[in-house]
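Before anything else, here is the set of structures, which you'll find just below.
Heads up, the next two complexes both have chain A, just with different partners, chain B and then chain C.
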Partner chain A sequence: MLSKIMKSGLTRRTFLQSTAAAAAASSMPRVALAADKVIKIGFLAPLTGPVAAWGKPGLDGCEIWAERVNAAGGIKLADGDYQVEFVGYDNEYDPAKARTGATKLIREDGVSFIMMLGGDTWPGVQPVADKTGMLFSTLLPSDLSPDTTTLIAPAEVHPIYNVTGVEWLAENKPELKTAVMCAQDDALGLPSVATYLAAFEAAGIEMLDDPLLFDPATTDFAPVVTKLISGNPDIVCLDTCYSDYVHPIAEQLFQQGFKGQIISCTADFYDQMIAKTSEEFMEGFIFQFPDFDDAALNSDQINFADPNGFYAEFNKRFPGQWGAVSWEYASIMDLWKAAAEKAGSAEPDAVAAAMKEGGTGKHAFGDAKWWGTELFGIDNALVGDWPVVAIEGGKATIKEFRSIPAWYDKHGDLLVKHMKAYDQMWDQRG
Partner chain B sequence: MLDLLAQTGLNAIYAASYISLIAVGLVLIFGVMGVINFAHGELYMAGAYSVVFLYTDWQLPFFIAVAAGLIFVGFLGLAMERALFRPLRDNPLGGLVASIGFLMILQALAVMGFGVRMENIPPVTQYVIEFSDRVRLPLARLYVIIAAVVLLSMLWVFLKKTRFGWALRAAAQDPEAAALQGISINQTARIAMFIGAGLAGIAGALTAPLVSVNPHMGHSVIVTAFIVIIVGGVGSLEGAIVASVAYAFVHTFVTTFFDGVIADITGLSLMLLVLIVKPTGLFGSADRA
Partner chain C sequence: MRNLIILLAAVAAFIALPHGLSFSQQEILVFLTINILLVSSYRLLTLTGEWSLGHVVIMGVGAYASALFSKKLGVYVPVSILLGGITAALLAVLLSFPLFRMKGFYFLIGSFAAGEIIRLLWKRFRDPFGGAKGIKGIDPMPDFSIGIYDFDFFEPVSYYYMSGAVVAFCLWVLWRIEKSPVGLTFHAVHWQDKLAEASGVNLRAYRTLAFAIASGFAGIGGALLAHYIGTINPNSFDVEVMVFVLTWAIVGGTGTFYGPILGCVVLTVLNEIVLREMGFEQMRPLIYGAIMILSILFMPKGLESVVQKIFSRRAPDGAPKQEAAK
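== the complex of A and B ==
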């Protein structure tokens, strides 16, 4: 364990310096602190277990965000400045634990806002949200319905943004004509399957077979990959598979001799995938989540403060841990902070109203609009542009930002058709 | 089509290999000690983390890490026998509950020591045996197949040809009669636990570079192992091997020709069918069932 702690960057010297600094700080008079008032934000996500990669790095990113905001004076409300503090609760991607966690965060910790990954855990939390009126956020707008009035999806419109990757492929690699897909059979995998099916149909790419669904408990992916590539597809789509699946599937594709195009929602820790396959094999791998040191993120349209600095700080503190969600929860906090300061209050109702005022908002990847009535029954998803990312020379590179609403305006009927076929419309989910 | 069948067959042989290593260990522990070891999946996980620690972190040769994994998990099994199962020998339910508690402890220790994320283990080898363009067997998977054949053959020889093996079988058949013949029940329990745990450990160690290694990885293998030992007959080593092969072939072929969810349903249906037709399992006896 000690070696792990040391590997994380904590040296003996750093430890002694930190301890000395903490001791000095604790001995300072209270009046010396910029703000004694604290706003607590709940972080209710899987911090352990197979889905932890979409929880823990987000909390790590939020801690960096909080330090930056607190150093700049905190959150400025009508009654003064507040420091911000995150209270984490590990729901282990279990609905019952998520419900317990939501209750604890609200009743015992007094949080003003709760961020979640969502998915399978949201049904456990929804009764708590209904009862308390607490404002929640999810990364998965497929949780939204007309009943979820206090749930917002302001960071990502999973899985709708996946259409941008397929659209980009169709335009830039028109020789790719056929595809196959696999996904875990759960609340993350199925809406993504429907979305990719719509995107492939819109792009004129033929599906050689029905999507291959596998149990989330699967450990050996050789049979899955054997089936996937048996028809010699041009494209293998890995849907929104967890990184615990994407890695072994990619490795199997490599070992079983696949030489075509791979597209996936995520490619967390892609450097490890390259190490297990080869740089040549991974060249051109398309996914949707950039590294934040990408120069394209320095353009004026980006609403995330100092993305390159954030990425550098994250990697300094948590080497090798950067993933799809490292920045997302922090970007939600940008929106929340702006809304709370606009409202002058951290009260959930006031913040929600300020956030949605005018029907637009500043998404990390550019100005966006609150949207979703047709798909989710409520306009609580913030949607705009999304990046298409390719691995080039062993490094994730943003190829282009594409508009999700523009795709939906042209092909929305296809998306609705496939969502209905997989029982993923808001009025079909049980 | 022939290529697809051949590749699926190779996939099934690999699956049968690691499943049988785990299931035989579980059966051996149950057969000799009468304890259902729910922590067996976590012993598999401990074997995998031995490779993470020794091969990935300390950069020792892979096969040394695998051997160390076998020994380490074997000793972990000895500790379980001494601290958990021996005091509860007359209380099988107590042993089961203790093993559930121990699995949680092992998971928590893995989280504390290695974190929650899956571990990145460098490939042992990227060499692939190519029978044709579409029929391939990665060398790392062949290692698992060879290890299973060698270790299970050695176990068979040990049980059938050595005095310790006879003692083990005697203790499994009738502990009281075995004790009256001067066979130490504590000694046989220790041997069974070391071998059973060691087999789970080496399965975890050998497959570590091929699967997602995380603190919760034991859950899925223990479910499969339970299905296998119920089909094979609780307490039967031969049954565990035959059922491992049958389950692996059925699951792999159904996954390839239908999908993974249907394969899981088929595996469970197979277990239910066996329970209905022959409740003691394919090779089980009424005594142990």
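== the complex of A and C ==
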């Protein structure tokens, strides 16, 4: 008997009961006002430290999203309208802290959904997800595997969308024949290396050397860049380097007189890069993340509500902070809101089922399909079109939207080949 | 009788502690317990006068070894935790050959370099270390029941009881070592090395012994961590984590056995609970740094000096003299 009393094991059933109780308890003083009913959403990402640039702007964007949704009446579920509130937890990109954060968000704050950056932190959270059945999202589909049934990647299919930039370069600048690449040697850098290698091979662009993998603790990029451009390549690819690396590498490329093409997954805070180099040097820099004041985002295919207004509001509140993830977590919330309203419930299972119904979903950049069995072992990544962005006249400009599935249909075998070579297939990880 | 009452009270406090905490605080308590072993083992090394920057990597060696023993060889997890500690100790013995050709600042830098080499090896060799992504899906401690309590090691309370018992035993061993003739020799190696050497003490052997023992216990700490969170990667044991260990030791003070433990507990509670609860989620590094600078400025001998002051005030007049007279 005492054993039963003292046993504090958590199952999906006890989790749902305790969450319901916690939510009920938290809403008891407000029960008189239906409009005060609140759904809490967890935000579990690095808010401090070197990876904070891919967490903090996302939370800022979500706050703007929540204000807009709440002003429009909130989230409409079967039992009434709910206001939405974000609860953040800084996991410092550490799996142990991510586990603690997930526990807090689920068992203390009673959140209905948790958004993560993913990467190194997901394996720490996975046991909590398995035990509780909570629905999580990641920006890094390399976290996906057949075991991660409650994990979805609905915003970005990092790093697969990088193929669109290389494909666009090959078609629009056919004179570029050779490339080199550098990346930090970590969980974010390596799958991206495999993807760029596949994309360059598919485009007929020759790699002059093996990708130069540097330690994430690197601070002096002069020797990295010297070695990188020693073969006089047409293209320097910066892979998915953190902005702490992209900036000094671009600066070194400028200082060491590189005149060729640069392609990178991200160019967060590119205005600072222009300030450190020159507008001429940065002209034509290709990356994958647009500013949301771009006119191309006003086309009918875009599912993100009022992107220009969102961008203006973000820049008003957080000047100079717009980055790759500023809109991504908010776009995930668009999907979650639509699914919750469709299901009439915020229960993780119901929302997940509604979200994946029909195998398609409304991605920020257009209608997309749930995909990924070959690469991730599970169809939990929402994949469709992705923009290719170039810096022109000191401003990020969308050049074109390109289809990721279309590229994969033609060159999927190359991607699988390179992913396998870097042990990045789902059945090779860990 | 008095000692028995104190022991019973400590056991009761140990059992009751997690039940007064929230779920996330229970999680933090598990990591705090493991970190107490880490910082206490670090202190044993500092007794010989050597400060290492590779201690967290050595902890990682224990974590990787235990994870691999259990995952690849199917070794029973409690045994693999022990083997993790032994592996870390053996590696420390190997490292001692080049490292103890150096002293002081040079040893500090040498230990940092050795640690970085080990981390790079983990990254380079994806088989078996998993490369940059590390190892995930590490076997958890197997659940069991003792009749009155079911140990479900997903739950932080269960893991706290298990790891707390292991850490308490390790601390007792560390304490006994420090108070033994070997521990006194460690002090002599630090403060009276020429005299000790003249008395026939093999300085290098004792430094190696301290390094190996400290590494062994750090390795057990790493193994406990690995089997709780189920994943490890090279970044989990980088120099940034080492800086935390150093600050726990410095802010707590290394003059007493409890000094680093006090530093670890106070700074962890401050950083992980107080500042988060106060809503300073994103300001924590700034505030944490400021508090650290202030504590070093105003408490150069560490938090342990505050405890010593409190107890010396409470001691009856003449008590120290009587102690000295004995």
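Everything that follows uses one rule, which is that the second predicted complex is superposed on the first by the 396 of 430 C-alpha atoms of A that agree within 3 Å, B and C clash if a C-alpha of one lies under 4 Å from a C-alpha of the other, contacts with A are read in each partner's own complex, and residues count from 1 in each chain.
The rule is simple: a contact is a pair of C-beta atoms (placed from the backbone, for glycine too) under 8 Å apart; a residue touches a chain by one contact, two chains touch by 3 or more.
If you're wondering where the values come from, they're calculated on a predicted model, not measured in any experiment.
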| item | value |
| --- | --- |
| Clash or fit, chain B versus chain C on superposed chain A | clash |
| First, second, both or neither for A:Lys131, with chain B first and chain C second | second |
| Which of chain B and chain C A:Asp423 touches, first, second, both or neither | second |
| Contacts of A:Ala96 with chain B and chain C, given as first, second, both or neither | second |
| Chain B versus chain C as contact partner of A:Gln321, first or second or both or neither | first |
| First (chain B), second (chain C), both or neither touched by A:Asp185 | both |
| Contacts of A:Thr226 with chain B and chain C, given as first, second, both or neither | first |
| Partner chain in contact with A:Lys56 - chain B first, chain C second, else both or neither | both |
| Chain B versus chain C as contact partner of A:Leu47, first or second or both or neither | both |
| First, second, both or neither for A:Lys104, with chain B first and chain C second | second |
| Chain B clash site on chain C (candidates 150-158, 294-302 or 312-320) | 294-302 |
| On chain A, the residue positions that both chain B and chain C contact, one per complex | 3, 47-49, 56, 185, 215, 217 |
| Complex contact set, residues of chain A against chain B | 1, 3-4, 47-50, 52-53, 56, 185, 210, 212-215, 217-220, 222-224, 226-227, 230, 243-245, 247-248, 251, 255-257, 269, 272, 275-276, 278, 320-321 |
| Partner chain C, residues of chain A touching it in the complex | 2-3, 6-10, 47-49, 56, 88-90, 93-96, 99-101, 103-104, 107-108, 120, 123-124, 126-127, 131, 185-187, 189-190, 215-217, 423, 429-430 |
| Residues of chain C defined as touching chain A within the complex | 22-24, 27-28, 31, 116, 120, 123, 126, 130-137, 140, 145, 147-150, 152, 154-158, 225, 229-233, 235-236, 238-239, 272, 276, 281-282, 284-285 |
| Chain B - residues contacting chain A, complex | 4, 7-8, 11-12, 14-15, 57, 111-118, 120, 122-123, 126, 128, 130, 133-134, 136, 138, 141, 210-212, 214-217, 219-221, 223, 251-253, 255-257, 259-261, 263-264 |
